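Some structures are shown below for you to check.
Look for chain A in each of the two complexes below; its partner is chain B in the first and chain C in the second.
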Partner chain A sequence: MAKYIGKRLLMMIPVLLGVIIVIFSIMYMTPGDPARMILGEAASASAVEELRESLGLNDSYITQLLRYITNVVFKFDLGNSYSSHKPVVDEILERFPTTILLAAISVTISVIVGVIMGIISATRQYSIFDKLATSFSLLGVSMPTFWAGLMAVIVFSVHLRWLPASGSYGWKYWILPSFTLGLSSSATIMRMTRSSMLEVIRQDYIRTARAKGQSENMIIIYHALKNAMIPVVTVIGMRFGGLLGGSVLIESVFAIPGLGKFIIDSINMRDNLVVQGGVLFLALSFSVCNLFVDILYGFIDPRIKSQYKSSSKRRIKKDEATN
Partner chain B sequence: MKPLIERKNKNGFWGDAWCRLKKNKGAMFALAIILIMIFCAVFADRLAPYPYDLQDYNHTFETPNRQHLLGTDNFGRDILSRIIHGSRISLLVGFSSIIVAIILGGLLGAVSGYYGGRVDNLFMRAMDILMAIPGMLLAISLAAVLKPGLLNLVIAIAVADIPGYARVVRASVLSIKDQEFIEAAQCVGASDSRIIFKHIIPNCLAPIIVQATLGMAGAILSASSLSFLGLGIQPPTPEWGSMLSSARQYIMSYSHMTTFPGIAIMITIFGLNILGDGLRDALDPRLKN
Partner chain C sequence: MEKILEIKNLKIEYKSNERTVEAVNNLNLLLNKGESLGIVGETGAGKTTTALGIMGLIPDPPGKIVNGEIIFEGHDILKLSKNKLRAVRGKKISMIFQDPMTSLNPVITVGDQIAESIRIHEKLSRADAVLKAKEMLELVGIPEERYAEYPHQFSGGMKQRVIIAIALSCNPELILADEPTTALDVTIQAQVLDLILKLKREKNTSMILITHDLGVVVEICEKVAIMYAGEIVEYGTTEQIYENTSHPYTRGLFDSIPDIDAKEDRLIPIQGLMPDPADLPKGCSFEPRCRYSTEKCKESNPDTQEIGNGHFVKCYNYIKRGEQ
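Showing the complex of A and B:
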């Protein structure tokens, strides 16, 4: 298992380097002069030129790319923000916990709602509940999350006046955004749980469990759910990554001071280094999240675990044979 | 003379798939939604009760009424007309970005699946890198760099979608390329490009069509999200996302402005999703459970 984790970690390195190169290159193409941005329209041409030189903006693309990579990899330095002049890393770390917290609360909501609804739908296939739940999940998948957020504001803030519409000054401000995100992604999780449960319920070992007289609840929880969870875990992991990307929209709708809103604000201010750093940071968290899901498989699915064990054993035998 | 063996498969693969699709009520309903949307987009000028940019300052912020079925916005423009015209942009962006993504992604996937080895490794690692960036973020950063506009919106969405198609096509190419008819084609001396375009691609069209239908829903969603953030279509042009973006300022007092464009997005995506599911069941009956 440790060997597998190590291998996955090693495989992440070239991908992340690639991500840095892609994002740097995209941002490199941005029209507009950062030096002019920092100094403002009134600054003289010579002052702008001087700043360009000192920021290294006159160097070639390759030199700038290599410098950026070295700074990121070895010093964890993403440069300084053009507008606030503070290090981008500090600015990101200040806002990242908000984004992660929002994603974590939403994923928790979506897992609880999605898995429970999925199990009930699968065990009572074609019942009224199943039909209602499936149609709601179809609607949920079709709704743009940011619009769902706006509609939630209309209902709960404008008409009912129960919850605040935007900002972040206490737990009440978190209810609308996290439920909007959570319920909209619970639709995907519900659909996956339902179809995966339906498949597992038809297996022979479930019939065996029934035949030996086990109670229905035990069968569902211990025999079916455990086996049905593997594809569901993938979806949950993907949703978490999607939420990190989707946080950009929902944070803008609800004016939550997280990383997503920071990126959008910086795009509008043409603060390239912040956008670059922010996107990089989110992509990194996304990859870590995917890695975590892959590792989790090994623990959930003994077949996968044994595969790694047997393959490493086989390799050892092969090595012995060649020696 | 009566044939000795009656041919079971009269209609061919596509005819059979169409028969299966026709039996699926949900999918036919979804197909009707999509056809109506296309009809609206094509005949927007005739269908819309008012020109989409007609400003009427005596009738601003009107809630739905007889003259304006869905009400008017802050410039007194008819919201229904703007939604009908908006279907043009959404369908156009959705369709063209999917076409671009399919052509590029499909080509990459077909080449890497067919040749395998080093080419495959190189292309697939490149796809891994693109997939490591959440799609929405990649589209946002591309849209931020390119100037706002229709073409650039299409590019931003298409690039983020390429890896998905490359993977689907590669997987189907891998499953097809070792079959006997490919070997036969190679034996009679068909060139690689002929084999890829004439034999392999037609045989993996089914998963591509399914992925494209579902992908178009995603593309329309991304387009409206980007426009909502101010990175896509810019305000005077009627686009559902940018209509929502400008309606947002008035959400406290005039919620009808926010409600209707969103419903339009939802209906379109709902139709595409159900149609995609139906197509998957019809084109690949093995997957149905």
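Showing the complex of A and C:
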């Protein structure tokens, strides 16, 4: 198992290098001059030129790319932000907890709502509840989150005045954004749970459990759920990984100072180093998230766990054979 | 002899898109305590459906028990409440399923799957249930150290042993063994059958053995029921069925077994196929394939008649003793 995890961590290196090259190239080719953005429209051409020189922006593409990679790989240095002059790493770490918190709360909401509704829908297939849940999930996937967020603000903040519309100064501020995000992802999770459950409850081993005299509730909880969880966990993991960087829209709607909003603002300000660092960071957290999901598979399904083990065993055997 | 199970006029249907499949048709069956009954018939004859009906496990929808009574130890199983039925399942009647590959839960250890049924029916602590489950494993010839392993770590024969251990864990009165050896290779088949027989003798359990292997039936069963298209066409003791085969279908089954002493180039198969169970013939359902069929067989479905002491046959022109 440890060997498997180690192997997967090593495999992240080329992925992250690729991400660096792609995002660096995109930012390099994007029109607009960071130096001009920093100094403003009023600055003289010579001042801009001087700043470009000192930031190293006049060097060739390859020189700049190699310099960036060297700094990242050997010094863990993502550079300083052009606008705040603080290290990019600090800027990201300052905002990341907010983003993680929002992602965690909304994923928790979506898992609770989605999995429970999915199970009930599957066990009472074609019932009124199932039909309502299906329409709810259709609504959930069809509504763009930013629009749902705006609607939530109109209803709960403007008309009912129950909850604050934007900012992050206390737990009340988290309710609208996390529920908007959570409910919209719960739709996908619900669909996945439902279809996966429907498949599992028709399996022979469920009949075996009934033949033992087990109660229906225990059959669902003890026998069916764990078997139905693999595709659901995949969706949850993707969703969480996506939310780490993808709650940009919701962060913007509710003015939450998270990583997504920070990256968007930096793109507008042509703060290249922040954008590159931010995207790299998101790619890293997404990869870690995926690895975590894959490890989780092993705990859910012993057959997958034995594959993880046997793949490293096979390698040992092969090594022995070559020696 | 004390009756343990009596089935009267059982009729089970499967409904799908306006087609109604009559899987079991007016089935009557009697089983005494401690007896073994073999139900023999080709695929689709309704053998498994009958067993699932006794367990109350017919998937509804699409299946439905339309008519009949299943009287087990004096109570009609079909009239039991859900909770009472659950108390019967696994405790009084248990079932050994056909396919060991799919009948065990892949994410639960085999030991826990045995302990589960013990925990459901017997007031035992978790630790005691585990001990009993380990005993059951040893009983079916699996070392108890393998308690915490998962089904994928077991071979097919061992999985079937685990399923047998589950079925026997609460000392049931009646075992329904649904083709327990079909999915296994021949050497393992014999082992598994010996095991079932041994355990059955030790605990004086009654058993219904569903199979399409007449050889297995002779070895194990005192009584035989031959099923065809949802009906029992011949029923009697094993001797009666073998020595005095009366129904043309049973005759056909025997004829299609190769005889080790005779030098035969070809077997004698039963001509044709089983009728579509959604569209059974008006008369006898075996008539289209029957060598002995007459006009009367086409027009009306024969009643079951007793032709010897406890030997029943459902045929107008059954083969009389010595006529073969």
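Simple rule for what comes next: the second predicted complex is superposed on the first by the 305 of 323 C-alpha atoms of A that agree within 3 Å, B and C clash if a C-alpha of one lies under 4 Å from a C-alpha of the other, contacts with A are read in each partner's own complex, and residues count from 1 in each chain.
As a convention for this text, contacts are C-beta pairs under 8 Å (C-beta built on N, C-alpha and C of every residue); 3 or more make two chains touch, one makes a residue touch a chain.
A quick note: this is a predicted structure, and the numbers were derived from the prediction, not measured.
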{"item": "Three-chain arrangement built on chain A, chain B and chain C clash or fit", "value": "fit"}
{"item": "Partner chain in contact with A:Q214 - chain B first, chain C second, else both or neither", "value": "second"}
{"item": "Spatial angle chain C-chain A-chain B, Cα centroids [nearest 10 degrees]", "value": "80"}
{"item": "First (chain B), second (chain C), both or neither touched by A:Q203", "value": "second"}
{"item": "Chain B versus chain C as contact partner of A:T30, first or second or both or neither", "value": "first"}
{"item": "Which of chain B and chain C A:V293 touches, first, second, both or neither", "value": "neither"}
{"item": "Contacts of A:L39 with chain B and chain C, given as first, second, both or neither", "value": "neither"}
{"item": "Chain B versus chain C as contact partner of A:D301, first or second or both or neither", "value": "second"}
{"item": "Contacts of A:M269 with chain B and chain C, given as first, second, both or neither", "value": "neither"}
{"item": "Partner chain in contact with A:V22 - chain B first, chain C second, else both or neither", "value": "first"}
{"item": "Chain touching more of chain A, residue-wise (chain B, chain C)", "value": "B"}
{"item": "Partner chain in contact with A:S142 - chain B first, chain C second, else both or neither", "value": "first"}
{"item": "Nearest Cα pair across chain B and chain C, whole Å", "value": "14"}
{"item": "Intersection of chain A interface sets (partners chain B, chain C)", "value": "none"}
{"item": "In the complex, chain B residues that touch chain A", "value": "125-126, 128-130, 132-137, 140-142, 144-145, 147, 217, 221, 224-225, 228-231, 244, 248, 251-252, 255, 258-259, 262, 265-267, 269-270, 273-274, 289"}
{"item": "Contact footprint of chain A on chain C as seen in their complex", "value": "55, 57, 86-91, 94-95, 97, 99, 102-108, 116-117, 120-121, 150, 152-153, 163, 166"}
{"item": "Residue ranges of chain A in contact with chain B within the complex", "value": "14-16, 18-19, 22-23, 26-27, 29-31, 138-139, 141-144, 146-147, 150-151, 153-154, 158, 165, 195, 198-199, 241-242, 244-246, 248-249, 252-253, 263-264, 267-268, 275, 279, 282-283, 286-287, 290"}
{"item": "In the complex with chain C, residue positions of chain A that touch it", "value": "203-205, 207-215, 222-223, 226-227, 300-303, 306"}
